[in-house]
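Look for subunit A in each of the two complexes below; its partner is subunit B in the first and subunit C in the second.
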Partner chain A sequence: MRTITYRDALREAIREEMRSDERVYILGEDIAGYGGTYAVTKGLFEEFGEKRVKDTPLAEEIIIGTAIGSALGGLRPIAELMTMNFSLLASDLLVNSAAKFRYMFGGQPRIPMVVRMPAGGGAQRGAQHSQFFESWYAHIPGLKLVMPATPYDAKGMLKAAIRDDDPVLFIEHELLYSVKGEVPDEDVEYTVPLDRGEIKREGRDVTLVTFSRMVHICQQAAEELAKDGVEAEVLDLRSIRPIDLDLVLDSVRKTNRVVIAEEGWKYYGTGQGIAALIYEHAFDYLDAPVGHVTGKDVPMPYAKSLEKAALPSYADVIAAVKAIVPARTLAAGAR
Partner chain B sequence: MAIRDIALAGLTREQLLEMHYQMTLIRRFEEKAAEEYSLGRIGGFLHLYIGQEASGAGIISALRPEDYIVSSYREHGHAILKGMEPRVVMAELLGKATGCSKGKGGSMHMYSAEHNLIGGQAIVGAQLAIATGLGFAIQYQGEERVAVSLFGDGAVDEGAFHESLNLAALWKLPVVFVCENNQYSMGMAVTKAWSVASLEPRAAAYGMPYARVDGMDVLAVRDTMLAAVAHAREGEGPTLVESNTYRFRGHSQADPAYYRTREEEALWRTAKDPITLFETRLKVEGVITDEVIGEHVQKADEVVEDAAKFAEESPDPDPESLYEDVMVDPRGAIAWRTKQGSPRD
Partner chain C sequence: MQTVVMPKMGDTMEEGKILAWRKKVGDPVARGDSLAEIETDKVNIEAESFAEGVLRKILVPEGESAAVGAPIALVGAPDEALPDDGTVSPSAQPAQAPAQPGEPVPTAVGAAYQPAQERAGANGASSAIPAPTTETAGRLFISPIARRIAQEHHLDIARISGTGPSGRIIKDDVEALLAGQQAPTVAPTIPPIAPPVAPTPTQPTVPAAPAPATPAAAEGEEVEAVPLSAMRKTIARRLQQSMQTAPHFYLTISIDTTKLAELRATINEYAEALPEPVKVSMNDLIVKGVALALARMPQVNVSFDGERLLFKKRINVGIAVALEQGLIVPVIRDADRRGALDLARESRRLVEAARGGTLKPEEFQGGTFTVSNLGMFEIESFTAVINSPESAILAVGAIQPTPVVVEGQVVVRDRMKVTLSVDHRALDGATGARFLQELKRLLESPMGLLV
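Let's turn to the complex of A and B:
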């Protein structure tokens, strides 16, 4: 095992898959000479050249159109959108073409395509550069959508996504790129499935269901809660569509309490969808209403203090847990 | 008349007659489809190609089987011209399991991997972006194919048109962009929608060759396309072709076309009918007779009746197929699953 950044893990995944499969290529804005806005693709142009590392104009629709068309023509594209915010300019092709073709054309075409995009807030990038739209895309049958939280998962899931024969949206939190974590040595081949979550921390009192950067915040919160005698189980969903619902339901049946923590907006989003599934399938196991920690219901403000207030915090997670764990658990912890 | 000589010289009598038959076939097919629609056997929208036969026949006759076409929702004629059996096209119109898209696509979503028809696309402009991507795959893999995007005059006002033309020109992709300009994007006349009178300045904006052709003259269309396709195949990059044509019916079968005059329609239908024009030409050249024309109509009617019978007698899709083919990975098709098995919502 080595310790590398999330950014380096992603680059390794792309490099390894490009080395092993000639059909894999990457395209996007400033991914070649510039090395990618977040330096994920740095050095790949030097290794693979102009044919396989394609800088595109600032034109999200044709980036995705090229990816889809070339996938239909036999290639395995990895498209980078500079941020998820710009994916809306290409959202028609993602929703109406990538997600629909296989079904509406009677199972004939396949679209082995990965679309990578950074998302999320916390770096004072303002209202138009700090958003999560994963629930919009996760709503669509025909797409896979994953949001790994660690370098290990980033590498393993990106390799799996590149090898997958369906369109996969791969969402990276901007603040995770420099996060370090353990990853197997370069000669150790591994992938991480695109449809399985993971228990990051076991606990008996409450289940924290989360994904992407909030996984790290929930892990910190769980450590703090343990000091008060509350043992939180932290689940990293890793994949939003399909969702590993067994993992969630098994944990809820054990702890009988659940808090969902996400960075996006509350209403009609990913967390509410998961809450509805929990109520539908584990209602009788619940000893308290499902708790929900989210970003505030406002466009992201710029000022540091306001942005901090708009984002869900570690304290919010602790408060949400304490609101639903019984007083006796907290009292026992205090003793 | 250099074009005429080259075009006629380039095709044998048999090829010319086959071209006439194909044009007759796709017209009779659409007339039958209109009948099936009026009987309630075809649902949704039905956009007919009647009046535009010379455009499609000329375009597709310039292609090889391995060349891709990516079309619009007005694609029944393109599908048949590209080699699809009228039976599977009609069965798709009737939503039957034997349709090319297993009854899941309908009129606007014909597809054939075998014939390299990459869809009827019902989001205007998508066919340009998809064709650009196919062009990139061709170039990347060193293939000798060409990708042809077929779209109407409405598509050129979409953002995808500009993004596609720019990238295809920038990367010199083997793509031919063909605007089948039938003068109206639904009810909007080209003259009211375009800030310029033709597509020439739009092609110039991307440094791309432009060719305008009478889309009612099948041989002229073929000739123009042969040049554009050769240009693309030789690695010289894309061309924007404007084929001027006219749909004799409304935008769809639900459209009474109140936005245009009956006089205008009559003029096109009588003086510019592409099949009549071609017949006149072939008669002058001594290629066809009224008797042969009659035989072609009769044969086309037989094929179309057979297609309709096949479609009507074909089974509806199996209810179980509702959940099939959402994705390649059947486990990934459904948003979630439990140990009890994948629920179907």
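Let's turn to the complex of A and C:
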């Protein structure tokens, strides 16, 4: 095992897959000579050349349209969008073409495409560039959507996504690129399935269902809660669609309490969808209403202090947990 | 003008009698006001108004009855003209009875999306979604898992005090109660549930223990105080609960066991020579008979859960086993589907495991009926306490040579008395009696146990 960054893990996944399968190519804005806005594709142009590392115009419809077309023609494109915010420009292609062709044409065409894009806030990018739209796309049958939180999962899931024969939206986070974590040595081949979550920390008192950067915040909160005698289980969904519902329900049946923690907005989002599934399938196992920690219901402020206030913090997670764990558990921990 | 109709206040209600009008003609009426006291076939109840305005006309005077849905009064504006025939049809609004206990009570959650909340945003046109309001008055709050556990243990949730938000009863509270220590200062982690030992049918025949309230001074000199074992605690709790919540009645019948004994001898003669010999006891055959009787009368294989009867699809017969430290009831699953030898082997295995303390939880849970046999102690007959949530238990006495009259002649036959304790909430006397008749028929013509 080595310790590398999330950014390096992504690059390794792309490089390894490009080396082993020459149908794999990458395209996006400034990904070639410049190495990508977040330096994920740095060095790939030098190794693979302009035929397989394509700079595109600043036009998301062209990027996604090209990716879909070339995938239909037999290639395996990895499209990079500078941020998820810009994916809205290409959303018709994602929703009405990528997600539907296999279904509409009798299973004949497959679209083995990966769309990589960072989402989320925290870097003062302002209201238009700090958004989470995963729930918009997770709503669509025909799309797979993953949001790994660690370098290990990022590498393993990106490799699995590239090998998958259907479109996968691979959602990163600007503040995750420099996060470090253990990843097997380069000669150790592994992938992480696109439909399995993972318990990142075991606990008996409450389940924190989370994904992407909030996984780290929840782990931090869980350490803090342990000092008060509350053992929180941190469940990293990793995949939003398909969701690993069995993992969630098994954990809920064990702890009887849930807090869903996500960075995006509250209403009609991913967390509410998960909460509804929990109420539907595990109602009789709940000991408290499902708690929900989210970003504030406002466009992301630009000012640093306000942005911080708008994002969910580990203190928010702790407060949400303490609101639903039994008083006795807390009292016992305080002794 | 709105018509107030006779409300339906129970599934069986067809008509109601107006005992008293709470409003006079001309009185203002608000939603939720009590309009009248109504007598149904079961209870007297206040009928609340769904309509708002002034009581304009009473259509059914005090002391008279009206069918459910029939108009009983008119409510409208003070100056509104009364219809000629005294009724209004299309906009008929039923009066609303106060919710019965256990029925869902509407709360004000729906109001959460009304635009009356304080609006955020500088431009006065915010799209912010207001936080919902909740109504808490007059309702018992209990979490789903807590309700489930309470139901499984037949706890009266009204008696549990909740420590969750808004006094909600949470899992912790129920578990604390089950662990017998609901004080708020309970130890940090409460063990899941006290071992679910089944009750003892011998309990009622045992003289009551000395009053627990022995003065402290006497302790040590005349009394040795021994703390309760977990098993004793469970036995005490569950039997007390069964006796207090399930109204018991008892039915006794005499059964001629002559043929049963012959059959047993024949079976054992055969089973002795098997590669794996096994001995079938009279009790095994009685259990087999009980299982077949239950299969023929599934209405006895039930649990009463407060609002419903739960018909158990499997027939799992528990056998009470006395232990030094108490007793336990291992369960023979699917007893109706087992042959006599298989049943005997399973019962032997369970009894040995029970005595060795190696029973697994699934081996003493899930019973649907219990058999308790004190025949070996020469007890002629006794009554047993029902092993809740089951609805009946059979207490088996000793087999004794008894003079009986057969075709005008007094002859001596082997007979035993069995007594069925029945939970009257779930079963009535005739059902219990028919069950015993069926059992008697099966045991007196025991070939039916085999074929």
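Here is the rule we go by: the second predicted complex is superposed on the first by the 335 of 335 C-alpha atoms of A that agree within 3 Å, B and C clash if a C-alpha of one lies under 4 Å from a C-alpha of the other, contacts with A are read in each partner's own complex, and residues count from 1 in each chain.
Throughout what follows, a residue touches a chain if its C-beta (ideal position, glycine included) is under 8 Å from a C-beta of that chain, and two chains touch if they have at least 3 such contacts.
These numbers come from a predicted model, not from an experiment.
Taken together in the superposed arrangement on subunit A, subunit B and subunit C fit without clashing. When the two structures are aligned on the shared chain, A:K144 is found in touch with subunit B, with no touch to subunit C.
Touch criterion met: A:I68 reaches subunit B, while subunit C stays clear of it. When subunit A is checked against subunit B and against subunit C, the one touching more of its residues turns out to be B. In the superposition on chain A, A:R125 makes contact with neither subunit B nor subunit C. By the document's definition of touching, of the two partners only subunit B reaches A:I243; subunit C does not. In the superposed model, the angle subtended at the C-alpha centre of subunit A by the C-alpha centres of subunit B and subunit C comes to 110 degrees, rounded to the nearest 10.
Here's the short version: in the overlay, subunit B gets within 20 Å of subunit C at its closest Cα pair. Counting contacts by the rule stated earlier, no residue of subunit A appears in both its interface with subunit B and its interface with subunit C. Put simply, subunit A touches subunit C in their complex at residues 229, 256, 267, 283-288, 297, 323-324, 326-329, 331-333, 335. Every residue of subunit B that touches subunit A in the complex is listed here, in rising order: 68, 70, 99-105, 109, 111-113, 118-119, 121, 123, 126, 128-138, 140-141, 147, 159-160, 163-164, 166-167, 170, 324-329, 331-339.
Of all residues in subunit A, only 25, 51, 56-57, 59, 61-62, 64-75, 92-93, 96-97, 101-110, 138, 141-142, 144, 164-166, 194-195, 241-246, 249, 277, 281 touch subunit B in the complex they form. Considering their complex, residues 128-129, 143-148, 163-165, 168, 170-172, 176, 184, 186-190 of subunit C touch subunit A.
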